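Accompanying notes for the structure given below.
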Amino acid sequence: MQKISKLPKFVTAQEGSPPLMKDIFSLLNECAYAKGGEVSARAHAKTLADMYLRLDKKDRKSFLQVLSFEYSPDYARLAEAFTKYSVAADIQSRCNAEIALRTVMYSPRKRILTQFNAIPAGIKFLVDLRAELLDFMKELPELNVLDSELKDCLASWFDVGFLDLVRLTWNSPAAVLEKLIKYEAVHKVASWRNLKKRLDEGDRRCYAFFHPKMPVEPLIFVNVVLTDKLEDNIQNLLDENTPSNDASQATTAIFYSISNCQYGLRGISFGNFLLKRVIDSMSRDFPKIKNFATLSPIPGLIKWMENNPEELTGACYPSDWKYLAKAGVTSPQSPIFRDIVKNPQKYFDNTELITALKTPLIRTAAKFLTTLHADGRPIDFVARFHLGNGARVEKLNWMADNSPKGVSQSLGLMVNYLYDISKLEKNIEKFTVEGKISASSAIKEMTERVSDSK
Amino acid sequence: MQKISKLPKFVTAQEGSPPLMKDIFSLLNECAYAKGGEVSARAHAKTLADMYLRLDKKDRKSFLQVLSFEYSPDYARLAEAFTKYSVAADIQSRCNAEIALRTVMYSPRKRILTQFNAIPAGIKFLVDLRAELLDFMKELPELNVLDSELKDCLASWFDVGFLDLVRLTWNSPAAVLEKLIKYEAVHKVASWRNLKKRLDEGDRRCYAFFHPKMPVEPLIFVNVVLTDKLEDNIQNLLDENTPSNDASQATTAIFYSISNCQYGLRGISFGNFLLKRVIDSMSRDFPKIKNFATLSPIPGLIKWMENNPEELTGACYPSDWKYLAKAGVTSPQSPIFRDIVKNPQKYFDNTELITALKTPLIRTAAKFLTTLHADGRPIDFVARFHLGNGARVEKLNWMADNSPKGVSQSLGLMVNYLYDISKLEKNIEKFTVEGKISASSAIKEMTERVSDSK
Amino acid sequence: MQKISKLPKFVTAQEGSPPLMKDIFSLLNECAYAKGGEVSARAHAKTLADMYLRLDKKDRKSFLQVLSFEYSPDYARLAEAFTKYSVAADIQSRCNAEIALRTVMYSPRKRILTQFNAIPAGIKFLVDLRAELLDFMKELPELNVLDSELKDCLASWFDVGFLDLVRLTWNSPAAVLEKLIKYEAVHKVASWRNLKKRLDEGDRRCYAFFHPKMPVEPLIFVNVVLTDKLEDNIQNLLDENTPSNDASQATTAIFYSISNCQYGLRGISFGNFLLKRVIDSMSRDFPKIKNFATLSPIPGLIKWMENNPEELTGACYPSDWKYLAKAGVTSPQSPIFRDIVKNPQKYFDNTELITALKTPLIRTAAKFLTTLHADGRPIDFVARFHLGNGARVEKLNWMADNSPKGVSQSLGLMVNYLYDISKLEKNIEKFTVEGKISASSAIKEMTERVSDSK
Amino acid sequence: MQKISKLPKFVTAQEGSPPLMKDIFSLLNECAYAKGGEVSARAHAKTLADMYLRLDKKDRKSFLQVLSFEYSPDYARLAEAFTKYSVAADIQSRCNAEIALRTVMYSPRKRILTQFNAIPAGIKFLVDLRAELLDFMKELPELNVLDSELKDCLASWFDVGFLDLVRLTWNSPAAVLEKLIKYEAVHKVASWRNLKKRLDEGDRRCYAFFHPKMPVEPLIFVNVVLTDKLEDNIQNLLDENTPSNDASQATTAIFYSISNCQYGLRGISFGNFLLKRVIDSMSRDFPKIKNFATLSPIPGLIKWMENNPEELTGACYPSDWKYLAKAGVTSPQSPIFRDIVKNPQKYFDNTELITALKTPLIRTAAKFLTTLHADGRPIDFVARFHLGNGARVEKLNWMADNSPKGVSQSLGLMVNYLYDISKLEKNIEKFTVEGKISASSAIKEMTERVSDSK
């Protein structure tokens, strides 16, 4: 790869002479080529990381550009290795050539990244470095080559085989629980008291994945309630005053919040494994539990309805118009209805109207959840996750999340995805191979009737 | 890569129909391409691993051949990716092309190997798999392509940054201590009582590296004695009746045994890092300790002397002949001396003779330890390790290991390598760049005088 | 002991027939006499404890009366044993008699109390039982005989030798840290954020004693700040925005809050041992720390001043009247001054006046802290604790606690008690034997001058 | 109590002047009366303990005599307190008097013993002190007064409520497992390899009680095998080559060895609680297990037979004489038979004879196990333990322990005691109240028929 024509100057870290830039290059070389031995290279990596943390944003970008383009694989050696590989005549030379090719592909920049690993908190440093890199890529898309290699490293080091499944309770370290408050992405934790409710050993469980070298940093966590039905209201679950269920009688485990914690691990999937292991663990602990399901938001619903106003229109059957008329909406052509289909959330507080719209809205949501995007995947990203894991769309819940966020995303609708262990693998195959979305018969029926009525 | 022309038949695992071979292929495909999702792929990996463990040796070889050659990178896609990379005109397309090339190089076999990671004890399965693979390679050298990829994986997963330094004591789990007995490679542990001596908290320390997912399997360990001198006799150190030194007064830490435990991790170096971290840890705990050194065997000495009989001859100075004569060896040409230089160990029990040979033998050993092999590295593999870490040859010890092994390897001679923290990096550079071996002035003098006398 | 004339009826726990009272007696008997074996007795104790927890307050009192008076030592056997003891003629019979006497004194009620020990959380049950008992004693002072025996048991089981010194940090279980908020008795913890400041690993330390069988219940804890001076302002220490000191440079450790947590352990002292062990532990960790001291409230000052108005009067020297006059207080006889000496806190917000009173008030406080109560102990209970531990009154701090509580207790004054390890034992002896309070020369001088001036 | 007339002189610990005896008294006083405060008293206790450990046996005896007789309760105060107690007219004065009496009974020697608690390893020091004391009592029986008070302390501190039930496995610390070898009292552990078999996680379990402050010292432990029948051969269980049972299919748990570890805790019973908690724990882990039983030695059998030769005679029924005659024993009057009944073990290797004696011997053993000693308890101490716990004599096993010890104790016979959880309490009551021993109908029948035949 061509070297970058003009080397950057590092400004922030220069405190005296000799110029720091020289130092950074010298340290990068020590890390990449380890002339003084592997042990010393790791010590230099520590110095380099400390230096990086003292750089300002601009200089960090320069640093990553240098790392990316000055320490790429050697083109000449790569070309030579590929040629040998192409012409290899027998198995043994082919094997040797493949090994040689792989050796050349192992870039100096990867060696440098690896050196950071052994410094204290080094793995967290790399995760945070990638988080920064992902931000810089918006402006400098060519950094993707570094990101790709760093992501490969992280994917290898954060392989699910190395992660620890940890049950978090009110007895867990405060420093860890504080992270749950920070990273909760679905339903904000208002206070430590509210957090305590979510960790109530009566009927709640919370599980997280941890990397052995990042002991106070959860990677992903899920909140579960042990209950005896498909829960249909999130505020009720989050309310500190809701009494606990009797876990020993529970038949159902509801995952009501799943949050990824490390932006720097974007694209490395843990959620599917986390749910699998939590389901396994709970099945052992609570043999009476037969159903595993979620209570999930539908973040993309309103936006999709706004872009596809005909969907709600089509979902209003003759039987619905009776009620709509009573609420003052006489026909599909009335100006108010035309506004409703485009801006349904405006009418959420109109109790009579929203009640009349209940059935059509649920039908529309069912349609939305079972419709594939042009890229062959579900439109809603939450649906994409659960259907990708082999779950099925089970049930839609009216007035299930009346928080401002819930109303603005999905008019308060939430959905249960059902994890039927015996069918996950089949569902995934049907989904990935045939593009078929699994849904309960009730949901299917709704989408069919909507189709019929159009 | 060309597919192997004739697929192997797996015999041992076939217990009924349908034939297992089909199953193995189907499982390998599931692991490589994960059509039913990542979670299921891991479950299939478990089945596959169980199957593998039921195969006999012949079938395991076939399995590894299949894994090696049927799941290699796709040649056509690789050629295409390389072409794109070669012709990339601007930075962005070069970056994209490098990413694409790397993606194609990520072989299905590597994906399969990775799947094993998440099964219980999966990482140990892979380490043992490689141990087996290394054995099979003697017969089937073309398996090196699989070995190379597996070694890369293991090197990444066993990066020193992920390892835990653990101090082992008599309070450690018996299951772990049992492994010390099993893996001790230098000075055999005769009994649990003898092991207890080596873990005596009075003046001994034992440190090991562990991988977080292999909690009862040490990767490498080192035995240390806290003392006030360069120890010069190994039997004394190992004797259960030797009284303990007062650790609080110790000035010197002697590493008297270092053993690698996992054959399947061959070529992945831990020893340098282990010594570095042990030295750091002990420097903190015992600020009075100023010297870190080894008491090491010289396993290659006798063999080298047998091949180079002129070395001992040259090391006998006129002053030595006086004593040799008294012991009945009158001249370099006498038949007995000609036999001595070729088979010195035959004469070990001849006290008078061996005493007369003491100085020449030490000179010869000094020469041996400071002589480079044709490949530019020390001949003795223990010397190679310590000199490669930046230590220097410090002192030779007469009658230091009178065990049968010690006599047969080095006529009872042992050597202290000195780890002078402030000079390790420099020594490594001098060694790797200039090919210079570090040695104490006493050792240097001996080798010079030998040279002079020739 | 006389049986109580009329046995109580237990009302609350009676849910059906047979009457519960019978059950309670039968269970008490099982626990006291263990006819079905020790193992079963413990099981019955569990039932009994569950029953007790279902009783209302009135019935609990009855229960404790029954326990107290129906299960006391047997008077007749006691009298007989004492007689034998009195007349024992030789050593052996005296020994035997003492043993027999002790056996009779071992009351059935103590056997019952001991049985509770083995139920889950039994020890906490007993601690809480005593807390309740202490309350009931206000009304039923004769329960002191039960309290005394229970206290003996608890003193034995909570002997400092069995307690664990635990350093609490932000990494401690939230369930434990929550207790710090609950039990903090000196300076209320306003929020989890404020708690985090007090656990800041930068310059704070928090140590607590735990009993092995009460793992989430601290018995007592102390907050420490590492600093380089005798801290003189508590608000500053508690403020979340106060920057951390550099602990590695600290010369002084200030104990700024000590709280007992278990009311049921009243009269069993831990504080002296806690401070001793914390001082030992910190001396090891921070060899630079030379001074250990407190920043303590003076809770009894205002009350004492109100009762002894002549003290402040006498502490106003001629030099002070200059400033007092400027603040509008012309003479000791002026009505305002007569009011001041009785209600000093009324004038706290009068800046000029309070400033004029600064020196006299400090003198008065010095007098207060070094004056013994009629019972031979310091008047102030905080002083009693620290002086009883061998500390000395070191320094008084003006405007050190301007919280409403601080003003109402001591007009914002706080005091440093100094723990000079080498003198603690001597100070205690001087204090307990001679009734002498240790104080710095500055404090002594103030009290002398106050005396002189009177 | 009378002071001892002549104070002992301590010889061993005297290394210089001033004489150590003075020191010991001064330290004892500090510990008993704590004039310099409780914290210092504990420090003095440490010095005192160190001194004690340096004394020789003779001086230790003197020390314990001093402790026993110079620090007993004050007789005058005791007499006064008892008088007040006797004359107390109302409840409150009675209560106060009882408290006062108890205070006087709390001897200075108990205060001294308690001080040792807080030194490192103090509780172990006291346990070992009592072990020594028990030995000294053989010669100085009057030390029983000290022993009694120390035992009370230990009984309180080692109350089962404070003990931890720990499952020991091959992963337990070697330092702990070493103690299992040392303390195994029933079936000697020949080697670490043999120990490993007894900890085999396949079908073995080993549980122990530990005190929180004696972490590497088990108090008592039990070995269990999971099986599907009443095991009837101990050598088979101990043999390292015996294959493991499948624990998941086990219906029966056999306790095949129980050992007390601390002689200094003699008379404080743990065994009953240990078995109870192990049974609870295993019932939870293995719901299929329905039977809990032992395979126990009968240590007193031979001795009892030797003393009661008529028992075996009576147990030989006419049907047995047929076989005895074939083995050369023609009648009860024959000299050989008269020798057999007195020295049965002499004939163990005479296969024909011993086979002919099988049924009579089993009958005799059944009789032995169900016969009460004059003191109302079973004669055999192992029987005493299990029957006292509520177990019943279930089954006798022929050739069950052919080790020299087994043959010499009980001619190779062993017995299963059955722990039927639902009947333990009843059995204990029947046993303690009515003096009835529980036995299976088979055992009962045997003893009856023996009676009949006489």
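Things to note:
Letters A, B, C and D mark the chains in the order given here, with residues in each chain numbered from 1 onward.
Definition applied: a residue touches a chain if its C-beta (ideal position, glycine included) is under 8 Å from a C-beta of that chain, and two chains touch if they have at least 3 such contacts.
Quick caveat: nothing in here was measured; it's all calculated off a predicted structure.
In terms of the stated touch criterion, chain C and chain D have no partners in common. Centre-to-centre separation between chain A and chain C, using Cα means, comes to 52 Å. Put simply, the C-alpha centre of chain A and that of chain D have 61 angstrom between them.
The residues of chain B never reach two or more other chains; the list is empty. Taken as a graph of touching chains, this assembly is arranged as a ring, one closed cycle with exactly two partners per chain. The complete set of chain-chain contacts reads A-B, A-C, B-D, C-D. Residue ranges on chain B touching chain D, taken from their complex, read 170-178, 192, 196, 216. Listing the residues of chain A that touch chain B in their complex gives 1-2, 35-40, 42, 69, 72-73, 78-79, 82, 85-86, 91-92, 94-96, 98-99, 101-102, 105-106, 114, 116-119, 122-123, 141-142, 144-145, 148-149, 152-153, 156-157, 159-162, 212-213, 269, 272-273, 276, 388-390, 424-426, 428-429, 432-433.
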